[in-house]
Structure formats: structure tokens, C-alpha cells
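Presented sequentially are two complexes of chain A, the first with chain B as partner and the second with chain C.
Let's turn to the complex of A and B:
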């Protein structure tokens, strides 16, 4: 079981390195999908399954689908993958930085013990569900602000895409 | 094996790479991976304290990062309509 958790952590780091080294956006999206799936699996193995489902639905199902369609729009005819020297150099350099970060983290003893997410014996609700319920009951103002921000973003996107010869980027 | 600082390091190295890319969409992908690593670090963090209040932030972060991604993609579409591609050296109105 511990080996599976380590494997998921390794997949997360490899997906992140796949985005950080400088390939064509096709391969960057692939690395991001691998990192998101590995991160969700890691959160499920810790026990916070609600948070993992939120990540899968909003991030993978919403945003990455839109990103994949946009990558299909902004296309290179000759995409450079991890076979070229520039990309491999970036990947090796960033891998070195990650290894240094791991070593420094181990030296400073910041490793957290593995624990479960069931709350401390007094409540009958798992702790991540309880936190989401607080958002809907007492944090209703925050919910309304989030909804208003989303509506505002809709109009911002419409105006950015629609505006003919208005603003700096649509100067034509 | 939960290193919280590892995620912050991850975020910082990806933030470095936003500056040195040729395409706007590659920069947006690296922003998304920064947000993903920050999200997972925040999800792992309250294990010692066993607090349930941080789930609020873990629902709001994908919401606002979706807003940011949508706005970034609208800028991508606007740049493609004006310049024909989304290379970052096309965005050069500020000439010192």
C-alpha cells in the first residue's frame, strides 16, 4: 500500500516535470492530465475522497477539456517532443531542482506522519464533508461572492472575444 | 512521505518557466500546474490538526482557477485573431 502511494507521488512529479520542460502544448496537456489523475489518486489514498472528486470534476472534466480544445486551435505543424535536446535539458534541470528540494525537505524533517481523515472521534461526519457543509450554511456570503465572480468572468470572456478593434490586443 | 515544501518548490520552478516560453498556451498550462500543486499541498496540510475548515478553500480554488483559465483562453483567442498565432513576442505594444 505504501508502495502504491509512493508510485502516485512519483507520477505526480513526473507529470509536473512533463509540463515544466518545454515541449509542445500537446505533450504539456498530457503531462497535466497525468499529474491531475495521480494527485486525485493520492488524495483518495489519504481518505479525503470528497476533495478528490471536486478536483476531478472541476479540473479534469471542466478546465482540461477546454484546454484540449484550445490546444487544437493553437497548433504547431512540427511539435517538438521530449526527443529534442532543448526539452531534455529543461527536464533534466527541473528534475535536479526537485531532487534538491526533496533532500532539503528530508534534512529539515518536515515529513508528516500518515494519518487518516476521520475526525477525532466526536463527530459522526468525515472532516472533509463537514467543511463543505460549512460553506453552504455559514459561509453563504462566500458562496454568493464566488457565484458573482463566475458571472463576471463570463462577461469578461465574452467581451474579450467579441470586441472588434477595441483595447490593446484587438488593435486590428 | 508528504513534503509540503516540495509542492511549494514545484510551484516556484514552474513560475520561473512562465517567463521563458514561446507560446501563450504553454504559459497557461504551467499556471494550471502551479495551481494544481498548491491545491494538493492545501489538501494534505490539515492532517495534523484534523481541522475541517479548509475544505471551503479547496472548493473555491478550482472555481477561481477556472475563471482564470477561461480568461487566459479568451486572451489566446484574441491574440490568434489579431496576430495569427499566440507567440509571446507578438504582444509587444509596450516599446521602451
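Let's turn to the complex of A and C:
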């Protein structure tokens, strides 16, 4: 079991590596999918299954769908792929940074000694979906502020991209 | 820009600042910081010039990375201590990460590289908001966590900020970049005294905000953006330029102007805390910024500039200065005799 969770952690890091060293967004988004699924699995191993499903739904079902639609409108005819030498070098360099960070940060020793957190028992009733329930009842202020933040993001993006060739994104 | 959209962005700036200032949970502080970051992006890129877009991109990337670091430090602390209180940050790794996160938010060296270019790419009023209002939430977080920050790192960042703020401002001809470096060196002064007396940090910040607001608004009235324009700006508003001279010298920290008060009190507090070498070092490094303030002051009051003007005095006078500049100039120049009263307010 612990080996599977470690594998999920490894997949998360590799997915992040793939996103960071992407040759073009179309291939980087594959790394994002791997990272999101691995993150979902890791959260399930921690016991908070509701939050992991929310993560998958928002990431893969919301963010990635919007990304795919917007990328479909502005597609590169000949995108650079993983096989080219520049991308391989970049990926290798990023991989080196990650491994050095893991070794220096002492993460590998921690993973060997301590293992993962077990949050069983009655606590798992309150921790994830209980928190979401509080967000909609006593924590309504935070809900409103979060909703305002999302609305603000919409307005910011609309303001930043309006204007076609006279606006911020002049290539369109 | 669309007036309704402008209203939403300004309102979100106020909302974000208020949320962070009034928060005691790290998630609320982070939410306020993120709302501030998002809301100011269209204001920076208002002119849609490539430099403005680049400034907005740089601002967003650094501030988002810093907000992520704030979130990581608070989550590490919550993992180890079980609570999210801002004033109860105790885990050493969290304190270290938070110090660098706030340094990145404010623009302390070595995380200052975004600041001059962001200020240069934005219009003058947005630059004013970036230098004063957007520094208020991170400054508040710094004040609230002042006992949990890493003193060595903070002192090193402060002295490096005073040094680089002074040195890199020396070769600049664009006034917004000069003001960015002046902001970086003032932030160094604010950071060095934080561990010993956080109220002096706040005092320094308030007085710096008033003086910088005065400078930005004065420059906005005469629409001056570079040194060569400043050389002939006295024809547009002679008395305003004279007051700009005094405000710049106040920013430099010369007695008997207001800007001397925070430097004086900080040096006194540092000396009382057995940090006399640090006090000497930061005062000497402020001499570098004094040079470019003096150069700016020289350019404001010169009446025979090296390049030609068509006239000595414009026959059309500009619209009169608004009241805000008058009040702020008075405050930023003449407040030193009232120092005991100021100390009771802060």
C-alpha cells in the first residue's frame, strides 16, 4: 500500500516535470493530467476522498476543458514535440534539479522511515466534506469572497484580452 | 477603460487590502493577496503597450509565486502545529519560507528584479498604487508575524536592499525606475528595524507612503516621466516644482524635513539594540540614494537646462493643483516638529 502511494507521489512529480519542461502547451497538458490524477490518488490515500474528487472535477473537468477549447481556437500547425533534442535536454535538466532537491531536502530518508499519514476513524467525517459544509453555512463570508474572486478573474481576463489587434494580445 | 470594469478593479483592490489587513487566518490573508494581484493587472496593462503587458506579466508571475510561498509556509505550519493563526507561526521552516515570501511580495533584494520594470511599464497613478497601497497587505503580514521571522535573513535582506536600491538607482534617467529603487531602499530601512521595534516599521511605511504619493501626484500633474522632461517642467508649475524639490529631499531623509524622522528613530533603536555596525552600514548605503535624489532635486529647480526650450514661462497656466497635493506636500515636508505626537499615533 505504501509502495503504491509512493508511486503516486512519483507520478505527481513526473507530471509536474512534464509540465515544466513542455515543448508546447498541448503536450504539457498531458503532464497536468498525470499530475492531477496522481494528486487525486494521494488525497484518497490521506483519507479525504471528497476533496480528491473535487480536485479531479475542477482540474480535469473544468480547467482542462476550458484550456482545450481555447487552444483549439489558436492551434499551432507544427508544435514542437517531446522527441526534439532541445526538449530532452530541458527535461533532463529539470529532472536533475528535482532529484537534487529530493536528496538535499532529505525527502527520500523521510519516505523510507515515516511512511504516510493515516487519518482513519471518526475524524474523516468532519475533515473534508464537513469543511465544505461549513463553507456553505457559517463560512458564507468566505464563500462570497471566493465567488467575488472568481468573478474578478473573469473581468480581469476579459479586460486583458479585449481589443483584438489593438489590445494586449496583438497577434490575433 | 470601461468605467464599470474600472470600478470593479478599484473596489477589488480595496476589498483585497481590507481582507488581508483584517485577517487572522492564513487563508484569508492569502485570499486578499491574490485578489489584489488579480485586480491590479488590468490597471498596469491599461495602455496595451508591449512594455505595459510585459510589466503586468512580470508582476503576476512574481506575486503569484510569492502567494504560493505564503500558502506553503502557512500549510507547513498548520501541518506541524495544527492551527492557522497568523501570529502563531512557530515552525522554523515556515518562518524562513514566509520571510522570503514577504520579501518577494514587497520587492526586497534579492527578489527585487521585477519592481523597476513593473513600475516603468505602468502609468503614474497605477505606479502610485503599486508603491503604496499594494505594499500595505504584505507590510501588515510582516508586522503581525514580526516575532516569528528569521532575524539574520531579514537584516541581510535589509542591508542588501539599501545597497542595491542606492547603487542601481544611480544610472537611471527614467523617474519611475528611480522611484522603484527609492522604494527598494526604503523597504530595506523598514525591514531592518522590524525585529526590534515593529511600530517603527509601520511609521516608516506610513511616512514613505505619504512622501511617495506626493511625488507621484506632482509628477502626474506636470506629466513628467523622465529627467529631460523634468528639466523643463518648472515652466508649467514653478511653485509645484519647488515643493517637489523639498519632497524629494524629504524622501532622501534630510533634516529638518519629515523623512528624517523614521531614519533617526531607526538608527537610535538599532544602536540601543547593540546593532551599531548595521546602523552605520545602512546609513552609509543611503548616501547612494541621496545622490540620485539630489540629482532629481537639481533637475526640478534648474532654470537654464542644457536643452533648448521655446519659452521661459508658459502663457497658458495649467489647471490649478488639487488639494490633495497641497495637503500631502505639507505633511511630507513639515512634520518633523510634531514627532512626539506622531509616535503616539503609530
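By our rule, the second predicted complex is superposed on the first by the 128 of 172 C-alpha atoms of A that agree within 3 Å, B and C clash if a C-alpha of one lies under 4 Å from a C-alpha of the other, contacts with A are read in each partner's own complex, and residues count from 1 in each chain.
Criterion: a residue touches a chain if its C-beta (ideal position, glycine included) is under 8 Å from a C-beta of that chain, and two chains touch if they have at least 3 such contacts.
What you see is a predicted model, and the numbers here were worked out from it, not measured in a lab.
Once chain A of one complex is fitted onto chain A of the other, the partner contacts of A:62 are limited to chain B, with no touch recorded for chain C. In the superposed model, A:155 makes contact with chain C only, not with chain B. The wider contact with chain A, measured as residues touched, comes from B rather than the other of chain B and chain C. In the superposition on chain A, contact of A:146 is made with both chain B and chain C.
Contacts of A:6 after superposition: chain B is touched, whereas chain C is not reached. Taken together, the two structures place residues 142, 146, 149, 153, 156, 160, 163, 168, 170 of chain A in contact with chain B in one case and with chain C in the other. Note for the complex: chain C touches chain A at residues 1-2, 5, 8-9, 12, 15, 19, 27-28, 31, 34-35, 38-39, 41-42, 45, 48, 50, 53, 56.
Taken in their complex, chain B has these residues touching chain A: 1-6, 9-10, 13-14, 17, 20-21, 23-26, 28-30, 32-33, 36-37, 39-40, 43-44, 46-48, 50-56, 58-60, 62-67, 69-71, 73-82, 85-86, 91, 93. Touching chain C in their complex are the following residues of chain A: 142, 145-146, 148-149, 152-153, 155-156, 158-160, 163, 166-168, 170. Against chain B, in their complex, chain A makes its touches with residues 5-6, 9, 12-13, 15-16, 19-20, 22, 25, 28-29, 31-32, 35-36, 39, 42-43, 46, 48, 50-51, 54-55, 58-59, 62-63, 66-67, 70-71, 73-74, 90, 94, 97-98, 101-102, 104-106, 108, 110-115, 117, 119-120, 127-132, 134-135, 139, 142, 146, 149-150, 153, 156-157, 160-161, 163, 168-172.
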